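Read the structure below first, then the notes.
Note that the chains are named A, B, C, D, E and F in the order they appear, and that numbering of residues resets to 1 at the start of each chain.
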């Protein structure tokens, strides 16, 4: 992780409207949530309007079930790591075009927390 | 692109409910759409239940504006290429766990088509 | 079908957020998807802003189950035809009012494709 | 209108998440709302599970703007009539298949009420 | 209830996209629906743009199951009362700031109607 | 605030799909977000399935604009406090009925953070 990568912690719950028909979080929704986390972290870091420029490899390690809480941060712990990836966000000018100043959001992670 | 990568063509329109506050498609929604395209292509290819295993580098080359049509396929043309990436999907068994047979969805692309 | 009716092929997957409580695609969502297909086809055909003017009779022939892929086009095949209908779209001017030039989107169809 | 057609009055507000990029209610959303009204009216009438069987001609007479209230009923009045159509709903058995007893929801209407 | 409290009747159906993973309407969605009812009632009463200023105590008396119809009004009857609360809405000026004229929406209620 | 009230910090961004037509967060969405925060906090505290039992007075102090970040926690700071309220959640048994053990989520707050 780059030392200056901004950090953010999002928490959410997987209700059925984000699930596939196997009862687990649809991968596309997981990507959407990670993209939102990257957007918020980069906005706070740059204090400029930002857009997504690229993502590096994102891996899905564990299925996240309906009813689970998900947690996105960089802390290790007893939670299982479900998804991780790196997002590059770039600041944009008034015309929505990228500007040279960019910020990399390393190691966005979705952690899965079962409620038993 | 791997020779056996399944192909699919999705078309959609960017209504305001998918936009950020700059009037362009939010990156998280683009990832969600690409994930759905990969899901459908892999389902058709494998004829098994599939989940997202990983994505390789995804790049956002062009902003997609509200009102634009988007098109996801592997054809080049006069449309501008907006987003591209590679998704690896894996088949899952009845317990939602990955099975060895996997299929790689190379070069998912979102193309942007302005209506003038 | 009118000879000049524009054609479009949309593909989607029925996740639980589009289902009724019987586990099948809610008819209102099917209408929404067909309306989007008609919107995209007419936009491409007219290269103007379009709105929905009317629909002719739409029939639901088969239930579409959660997890099924749906496919909207005019091709017959081994897929079961689930919904079909005709949409009339009209071009609109800068004030959102219809203009005389219109385009009819005949025989929008939703085909259902089971994953076995 | 058939004498036994069940009646229902739904009211809603058009927020931006239901609009196209012209600032008016997207036709597909209007169809979805009318389908929901037909679903509720037929459910109350039949006291059985129902699905959409067909729609007759639906006409869009007026654009509905973002911020407008919409109202679906059969009453005439100073409100402008925006959309109207007829829906046939059928009761379904435990397997989701139609049963002979059906109910026709005549003249679903969306009325538009400007807030000035 | 204040004598001048505007009344409105909304009806909706609980599809799975509004449910938690216990198969009942998620409380947050119930609050959203009640807030929309208050918004519409106050808009009609004041004929001005309105925003939510506060809610008084809201109580959830009964779970609302997926597939149930919900009904929001002030009428007693054989329907079970599921949620009730009071919303204060205020008119806002062109800058989105509250103006002194306000309207109180007393006793918003969600009633639950089982389909048997 | 009760000493044992569980705390949680959610962060989100207000995209146009959550806005009213004045360009600010719709109050119903704010209630939905606060309800989700209360759900997550109570789930973590009780480690049981929980539902919303009641809310005490919720006040909207500041409009939250499209594009703003929102933050829900109990920390004061330079952020403006936008919405605050208290939620009572109760644990439910296997039949979805409340059990005596309850947990109160005091002072859920939505803070608004402008991006300048």
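Keep this in mind: a contact is a pair of C-beta atoms (placed from the backbone, for glycine too) under 8 Å apart; a residue touches a chain by one contact, two chains touch by 3 or more.
These figures come from a predicted structure and were not determined experimentally.
Novice: Touching both chain B and chain E, which chains are there?
Specialist: Output, common partners of chain B and chain E: A, C, D, F.
Novice: By the touch rule set out at the top, what is the minimum number of steps from chain B to chain D?
Specialist: Minimum step count, chain B to chain D: 1.
Novice: In terms of touching chains, how many steps apart are chain A and chain F, taking the shortest path?
Specialist: 1
Novice: Over half of the residue-numbered contact pairs in common: that is the test. Which of C-D, B-F or A-F passes it against B-D?
Specialist: The pair repeating the interface of B-D is B-F.
Novice: What is the Cα-based rotation angle between copies chain C and chain D, on a 0 to 180° scale and rounded to a multiple of 5?
Specialist: 180
Novice: Taking all residue numbers at the chain B to chain F contact, is the shared part over half or under half, that is, same or different?
Specialist: different
Novice: Go ahead and note the Å separation of the Cα centroids belonging to chain E and chain F.
Specialist: 18
Novice: So how far apart, in whole Å, are chain B and chain C when each is placed at the average of its C-alpha atoms?
Specialist: 21
Novice: How many angstrom lie between the centres of chain C and chain F, each centre taken as the mean Cα position?
Specialist: Each chain's C-alpha centroid was found; their separation is 38 Å.
Novice: Mind checking the centre-to-centre distance between chain A and chain C? Centres are C-alpha means, answer in whole Å.
Specialist: The separation of the two C-alpha centroids amounts to 33 Å.
Novice: Residues of chain E that contact two or more other chains, please.
Specialist: 16-17, 20, 26, 36, 39, 49
Novice: Draw the chains as dots and join the ones that touch; what shape do you get: line, ring, star, complete or other?
Specialist: The chain contacts form none of line, ring, star or complete graph.
Novice: Going by the touch definition at the top, which pairs of chains touch each other?
Specialist: Taking the chains two at a time, the touching pairs are A-B, A-C, A-E, A-F, B-C, B-D, B-F, C-D, C-E, D-E, D-F, E-F.
Novice: Under the touch definition given earlier, write down the residues of chain C that touch chain D in their complex.
Specialist: 20, 22-24, 26-36, 39, 49, 51-60, 63, 85, 92, 96-97
Novice: Can you list the chain B residues touching chain C in their complex?
Specialist: Within the complex, chain B contacts chain C at residues 8-13, 36, 39-40, 43-44, 47-49, 69, 113, 115-116.
Novice: Would you pull the chain C residues touching chain E in the complex into a rising list?
Specialist: 16-21, 26
Novice: Considering only the defined contacts, which chain D positions touch chain F in the complex?
Specialist: Within the complex, chain D touches chain F at residues 14-17, 66-67.
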